[in-house]
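Below are structures written as structure tokens.
Consider the two complexes below, in which subunit A is the common component and subunit B and subunit C are the respective partners.
Now for the complex of A and B:
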């Protein structure tokens, strides 16, 4: 529980840290994409503008790919470059490079294309409504006991919708590729979360033209939030192709509007929930969930998002009869991808909204109803995994107490009786399984490396990126605190696939939980092996012994068994828990919800760095507030927001008072934190809005244009 | 594209009197830069005016407060003179855009960009603002109200520029003031609806009334018909059903990427109601 300053803070504040666009290489030229503006069509003809000398441009199409034109993904169904047919707008048709950025931009703008247009699905709701549009594997968690609903059970049914969400990282996506003809290597530097994914992608597209792809992240990565999990594969692949063809280093950096247009977003969802609740005991007796995600035109990593979404969709409630069905839906829009929460925020918005709806139909306070049904030791997830701790319940009770929930419920009811403006308070609870789902971590087989140099520098080698979340500070802390060694001399290296072992991608709230705990184990092993009292003294007294390298692989706890077919077993070894309360003020004149205060109590196990953890929690909460209130991305008939002017991320003036607390911090080890703060703000705000106005809205964001429709209906 | 930087106001006026084609004035650049980037501006001449002294600064004479057209929002927000004489005007612009944009963007630019959503225009309209227009051959002063003729269209002649904005010294005196800008967030937002109002109520009777709206028509404008209806009316006698009917004639809200027609209409009506029923701060 120490707070040390982030290692990168000073360099970033002084503007010294190098982000991708700060790097330049001799002879470097610039690359960009020519993308489809058709939702679905067969390419008939591409016409280049005549006023340019074509020989000055390097142009690559699918035909130029020496290797495979398929991006390596959990489901390999997406080409790097479209061949004859485009399946969504923004699909890459050509890679183009030129020494001058401006000329390149103008040239691409003037390329004309003719299609034979084909039928297309662009609207999310239309896509998700019709089962005809489903594709890929259907996931079923069958925990049903064929219980027949009794007469005194209350049936509650609703359909919940959540929208796209844009990651809006500060630094847009970008890559530099440098082909080395003699050594037959491709060096790629970029802003990314997963260097080894990019390595697989570059090696796939280049085929036998290279022996090895060497991937290195830039020094600074300006945010990612999942957006730089898989899309960098495509940029790196095409940059490599352009470098191979031009024999020059090629830099591709996306403009903000292109980044918003063509890269992956959070999956829109439609979640339909049916429940039966005993009106006497107030226990939920039966839950049926139909969880659907709009994957976009290709599946890519969506099956894994679906899997996590389904596993989190039952919420933190015990029920003896649960049936969950999950499936992907196909639309003619760019593939959706990873985003903080990975299917879980959609799931929790639905179930947490639904819980308030049941409580309302029982005329119960949402707190009382949750208290009756919340997970306790001995309960089971629908996957049959046992609940072994009451930490969710502890978070829940704590946040109710801290927010003064009970007093506010009464006070607000009184206020609301005599005012047009309304006050409201709402609850949401959630959890997040750390690391890859099921047997994923076993398959990943992460490896970490520590090298102790003669000069006493302890170098930490992992493939996980610090994209601003502070990973290279917290990982260093886990090593230096275990070795009782100075923090300044413990340095996490910039990930480079030829130097760092594969400790897996920087995703799934796994960096501290899996990689950090593994590093700590390795540090303990070093301590045992070297048997030192003081490592600094030991190094200076035993110089002949150094430099010395230590390595360790992740070993999965053998009790973790998960059946990928039946979705039974232990889906995640450790869960983080959260309970959240949101207080809002509703402006009746403008139909606007103003979040006033948010309390969140987390159990993330041992907290490595309090300041960094608080920053993650507060940032995630704001991303959740934006998701619930303002981040409107797509409007039927008008298309997608094109930039950060229209796509309304909250500003610093929009941030409510946020109160974060971590409990059960005396635990043996840290668990995942990255994603869980995202799960609860949107449903808590939606429930607070119900508390304020008596209006249930089952769709986010709760923009005033949506609210007014319900208000006008109420008046009629 | 050609870039021109005249040294003096005289030189500027001479240069623009000779340019026949497309031309743009670059003051803060917060709109022009984006229009260039988005290819909305592809050709023509870009003329820098932000360094010309005569166009910048806040002064007063006997009857008016004068704001030079390249005066930035930061200058306006920090002006002591405005704090003394036009505090409502000044305070209303506090949350304009963001601190970065406030430092660059200019009041003349906000007007001459011609956007229906221009934040400063509804305020200037209720304060009876005037524009001093200047060219090589003549000077004239017009009411801001008469400046706009359509979407991004004004009465400005090809060789004319806005030199300064005039606001009567006593424009706010004795008035009950109102300004609300509704955007998708609290700062850095483009108005979906903006309503500015001034009223004088004596013994419950409306003696003077000025209401202007933004983002609801092709350009920001005063609501003349609503004002006519309200003038000399007792507050108790205001019929909001009647106002709804008049408003339908006077504003033409649209549905676009940012908002919906119905929302814009209802909120405009609600804001007018809020303004009228607001207790007189007197």
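Now for the complex of A and C:
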């Protein structure tokens, strides 16, 4: 485990690193969107404000699209721009551009629109209740044995709800598009995770008007967390359209309130769990899960979120009889999308809450009950994949020891007897499959490239963005350590679709796990091919041989076979594991939960850069704390959330002390880390609250308003 | 309207709409791009600068407030001895992730170091509570500022010539 300083840190600290809004081009004008303020309606009339000279504005609607008005996604059902009917609040109706930002803002504010209003579903709980609202798509994992429950088996049933969550990357979304008429190309620079997704989108919307779209990320990407996976497609598409029509570079940077209103969020969920547990052996005998996600108005990438959610919904527990059903629901809210965890945090909130509920009904300590049922070698996932390591169990035992769980359980019970305020401690465990699900990585067919220059610079070309997670530092480390070459001379290039091969999107905890391991293989191949003792000397002695380019494609391990119809087989070749303990202090006067400490023990395989890994884990845990305690959108949603003032992100005063440890680090290769820290804090805090008060709340966030309701119910 | 103020230790004067935000004046009129807009409503702290030596969110300060004021932005603070010390500490702990919020954090931690500087976690948390970071979980930021406080005390003789903030 080494720590190298991040390559991008100093420029960022000095304020020199360029983020999207810091770029400008000659003749550049500004673009914005005019969006619907109706949840569902047919557009009758759009009236432009008369006090402006319309000829000064570039305006594009669905009619101006030369190519296809469909955003390329796993499910191609969402238009770039609404045509006659709007299906959700915040749907883009027009793209507008003007040389002056302020004038543009005022103009858009004063556009009037009339609709024929239609019935709409904006309340998530209502949407998810009724199977009539399902899109129809179903994923079923049938690992059931049709055993009839015995009399000594205890039945536990509950329904768990989780809300929308905003990614809240600090840098809002933005794109600059520059149309080149002579070369028939569209150059797009932006803050994004997936340059090749954006390329497909721009080429789709522009049709035969361009030969090629060239996409490049900005130097700095101010956070993404999944939020910049697919929505950038739409912004880039419309910016391109505006640039094409105006013949000028067009910059679109969303202001915070637009960003919050119209971009994708984490899917709200309703997870219903039925279990039977043997009251003598304390083994879970039967699990039945109904997993539902509110996809929003369009499905877009939600089928993939559903798939991952379903595959993670059984939790880290062995059971011989499991049946899982997953469905997507349609509501009149913006399409939900990727957010760190991708369906799994919802799944783990439900199953980890449920485990504590079973333990309570058996009168067992949640630790004892988990220990009885946690995955061990030889157990199987409901997808029949075999568990081949006890690493989850090791993480679990380690975190219990680190947090001094057993002593605290006793001490807090004593404290709680004689105090109105309460102390509590709770556990949650989770896993996360690295990379795309099933055969996904085979389909992606990622390619990486390394160029060794005459001057000794080793250039690494991948399409994966560094959006703060440190990928361009850790990927360089994997290459330079393999080549035994100076770190300073190993440089990962800014992704650009005309220069970097397609190594896939920067998503699914795959950057180090798939792309990093692939780069390491390529570096090993270079070593073998050139047969050098010392690369620096080799380059200076064999100048005629350089610059030299090396490429490699990802090859899927042939033992990884997954059936996408039956959901049986190996869903992910490698899993990362985590066990987490949360300690809280409950203020009974203000009904407030104060998270005191969180311990998390991970197995992510080989840790490439320990400080960067810790930072990833701590950041994910903080987002999990926000998910569990403060972050939500008002019930009727989008119209009312205007910005970061009414969406409560954790600040330095809200955050507990976080203790992170990595185990089993002497493994051969690194596994995924990006998403897994997100899974456990919310259920661990919820379980700690139960430990403190004896109240089960099956819904997050645990805001005082919600706690009061449950406290009152308890008193009745 | 015409406003005269002191920007990064230089007297400046511009003719500007009285309601134009300081944030936009810095970025558009003076090309100081280190100050970032995260929310535009004074919540996130990414646009923090020092006005007469105190941290303010520049998205909430308008041109009409600027007459005679002294403004220090990240660009100037990064060159101050204490600013450099902080940058070294943030760099050493790999505290920076996306970096969009960091110019704001640098200004707020700089203010804490020159106005107090005690190696006290609670005080540091309080001092940074106006800056939101979505990436890091704050732990490494606390660690960096604690480290900077420690180093400042250890090498106080080196920092005796700190540029007066006001």
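Here is the rule we use: the second predicted complex is superposed on the first by the 710 of 716 C-alpha atoms of A that agree within 3 Å, B and C clash if a C-alpha of one lies under 4 Å from a C-alpha of the other, contacts with A are read in each partner's own complex, and residues count from 1 in each chain.
One rule holds in what follows: a contact is a pair of C-beta atoms (placed from the backbone, for glycine too) under 8 Å apart; a residue touches a chain by one contact, two chains touch by 3 or more.
Note that this is a predicted model, so its numbers are computed, not measured.
Within the superposed three-chain model, A:17 lies in touch with subunit C and out of touch with subunit B [touch as defined at top].
Contact with neither subunit B nor subunit C is seen for A:548 once the two complexes are overlaid on the shared chain. Of the two partner chains, subunit B is the only one that A:708 touches; subunit C does not reach it. Once the two complexes are laid over each other on the shared chain, residue contacts for A:468 go to subunit C alone; subunit B is not touched.
Contacts of A:6 after superposition: subunit C is touched, whereas subunit B is not reached. Contacts of A:521 after superposition: neither subunit B nor subunit C is touched.
Annotation for subunit A, partner touching more residues between subunit B and subunit C: C. Once the two complexes are laid over each other on the shared chain, residue contacts for A:611 go to subunit C alone; subunit B is not touched. Of the two partner chains placed by superposition, subunit B and subunit C are both touched by A:651. When the two complexes are laid over each other on chain A, subunit A has residues 645, 649, 651-653 in contact with both subunit B and subunit C.
Those residues of subunit B lying in contact with subunit A across their complex are 39, 95, 98, 180, 182, 184-190, 256-260, 262-263, 266-267, 270-271, 273-274. Per the touch definition, subunit A reaches subunit B in the complex via residues 109, 588-592, 630, 632, 635, 638-639, 641, 645-646, 648-654, 703-705, 708, 712. Of all residues in subunit A, those touching subunit C in their complex are 3, 5-6, 8-10, 12-19, 21-22, 167-172, 220-225, 255-256, 467-470, 609, 611-612, 614-615, 617-623, 643-645, 649, 651-653, 655, 657-658. Put simply, subunit C touches subunit A in their complex at residues 32-41, 43-44, 46, 73-75, 78, 87, 90-103, 106, 124-126, 128-142.
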